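There are two complexes below, and they share chain A, which is joined by chain B in the first and by chain C in the second.
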Partner chain A sequence: MSNMERLVAIYRDVLKKPDLQLTPELTARDVDSWDSLAHVQIIVEVEKKFAIEFDLDDFLTIRNVGDFFKLLQRYGVEL
Partner chain B sequence: MFSDDFPQLDILNKMFNEKYPFMASTVSNGYTAFGNPWAYEIEELLNKMFPSPDMLSNAVDGYVRFAMDVTRRQSRFDDEGAYPQKSFAQVADEVYLNHDYMERYYLPGLLLSHLLWPHHFRQSRFFVANFLADMKIKGAGSFVDAGVGTGFLSRLTLATCSDITGIGFDVSPASQKFAQLQVANYKLADRYQCKLLDLCKQPTGVETDWLISAEVLEHLEEPLVFLQKLRAILRPGGKGFITAAINAAEIDHIYLYRNAKEVEEQLVSAGFIVEQYQVIPAYKPRKEDIPPPEVVAFIVN
Partner chain C sequence: MSNLEIRPTSDSDLKAVGEFLQANLTSQFTVDQWVNAFTQDWSTTKPNNGFMLCDGDDIVGVVGAIYSQQMVDGKMVDVCNINSWVVKPEYRSDSIYLLIKTVRQPGYHFTILTPRDQEMEIYRFLKFRTIVTRMIVTANIPWPFASLFGVHAVTDIGTLQQVLHLEDARVHREHTSSPWLRHMAIGKEGAYCYVIYQRITLKAMPTAAILYVSDIQLFNRYRKALGSALLLRGMLFMRLESRFKTAIPKLSVLQTYPTPTLVLSDLLKDCDVLNIYSERAALNLDSAK
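And now, the complex of A and B:
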């Protein structure tokens, strides 16, 4: 499974949307189940899956999926 | 949506939508749940404490960081079932004595949470309806707030009981300053004094008929010792409003209460008689075997 496939699986599982398609422009406004709890759950699951720990200030920079991908790349995750 | 009667709330709503889409429903959820009384209260708070767009924007950033931190810690707690081991001295250095952290994140975050987190707002309504109403009927002349935090309950008390005077205590200079600021911004400062004091270690030199201590117990290594000190402050026949957080992982929560009964047992052990209590979960359990965080409030005598 590629890193991108792992990410898609996390988003689909946390947001309970088995058919969700990830695009860089996708935001929480586009998915009804994507509230603040789900947002942090996605981040926590990614931290566990990729064995990284984000700085809390990084949380404030994530506006959409594309921002999160860029952040992951900064932490050394290849996408 | 809120622009006519609640311009500050409207700006807050737009800030969440634009900067933090995962919190876009925060304001509308609050309005749907609690309606105009909630909106008037938060509008007034935003006007008094964060009147300019820059101040509000900084408060929103602080709140979001605070809320994200709490949620991430709660997620770890759900897996591990325990708070990380910390001493009170460690937490004091990391949080209460850390001015930058307190002023940028903790205090604005906590203050906004009193209105934006439904369980916090419901608890403040319980306080108003069951404790403050009693104070007003009985013509309370003074009160003590032990562990003022942001000063939210001190301010509510001063605003509700027009002739009352109050003394607050806290270990954090930043809390002391913020509580005084809040009270001053509501033009209530002439009836209030907040003192820097560790109630577990230093004598207060006061007694009271009306005692408030909200969300302090879980911050302590030995909450029973603190409760015994509170009992000594409360005069016979006096009343206390004492709360605690249960299964709620936060940066400065040390003592883990797993249910409201554990808090009640400590209150009774310290010599209080429980008159009334209310337990409110933060949200519906996400999984059957994982309890959600709760807040519990006791009215004692």
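And now, the complex of A and C:
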């Protein structure tokens, strides 16, 4: 499974949307089940699966999935 | 989130924030009561009153912060009590940023005293520690020997200022503007325990909910005298949190604490998290039930 496939699986699982298509422009406001708790759950799952620990400040600049992918790349995750 | 912005809540924003909280969190407090809650004179270095999530000129989310300076192990430390976190449903996905912005302020120790169950996972993610505490409820029994032992209960404001130590006198001055808080010093000259409590109703019984104890050893020593003094004032029971390490009298009842207490600090111990520098003292929460 590629890193992108693992990411998609996390989003689909947490947001309970098995058919969710991840695009760089996708934002939390496009998905009704994506609230603050889901946001945190996605982050916690990504930290676990990719063995990284984000700095809280990182999240203040994230506006969409594309921003999150860029952040992951800064932490050395190849996408 | 193109039009969304997180802004610090200044004193001039408080009326609008109070209106937002009244409309979106609880209508049990007036706008003025919300404003008063955030304008306590508990810190000389208050940076804000929390943060607002704004969509253009509209407030769509709020987190409240009540700042205080407290004496911990002989050193004055800056504490930020986080409360009243609420965001309009359509902006829920952005609400976490309000909390992140708040806890990223350097130099503060953070407390949360009224978290909701559904928020706990978010607080754990932000590294808050949960304090396990229980309620100790004890019947107040007449103890007529206080005066024989030279033990006095002092409640008069002027006399309290005279008998309390410097730090306790400061704590007292900082809380005299909240009429729902009651103050008592119990003990002897040079060894008074200062107690702040609120009269509440517990199972239809008038009860003193102890919010602050200045010295737990003195509290244990003068507990009977305190109970007797409270009984004289019509309170049949006293209630205190177990985290304050008080002795547990034989006939006490232990109750589960209704909400967890959370702390984000490498310094504050469980007993250092003070109710009296939070919304529990800044708002008359028990009147809202």
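A few remarks follow.
Just so we're on the same page, the second predicted complex is superposed on the first by the 79 of 79 C-alpha atoms of A that agree within 3 Å, B and C clash if a C-alpha of one lies under 4 Å from a C-alpha of the other, contacts with A are read in each partner's own complex, and residues count from 1 in each chain.
Operating definition for what follows: a contact is a pair of C-beta atoms (placed from the backbone, for glycine too) under 8 Å apart; a residue touches a chain by one contact, two chains touch by 3 or more.
Keep in mind that this is a model prediction, so the values were computed, not measured.
For the composite obtained by superposing both complexes on chain A, the positions of chain B and chain C are in clash. Applying the stated contact rule after C-alpha superposition, one finds that A:Leu37 touches each of chain B and chain C. In the superposition on chain A, A:Asn3 makes contact with neither chain B nor chain C.
Of the two partner chains, both chain B and chain C are touched by A:Arg63.
By the touch criterion defined above, A:Ala28 reaches both chain B and chain C. Put simply, chain A uses residues 27-29, 34-41, 43-44, 56-57, 59-60, 63 to touch chain B in one complex and chain C in the other. On chain B, the positions that touch chain A within their shared complex are 17, 19-26, 61, 64-65, 67-69, 71-72, 75-76, 283, 286. Residues of chain A touching chain C in their complex: 27-29, 34-41, 43-44, 56-57, 59-60, 63. Those residues of chain A that touch chain B in the shared complex are 27-29, 34-41, 43-44, 56-57, 59-60, 63-64. Contacts from chain C toward chain A in the complex involve residues 1-2, 6, 87, 90-97, 100-101, 103-104, 118-119, 121-122, 125-126.
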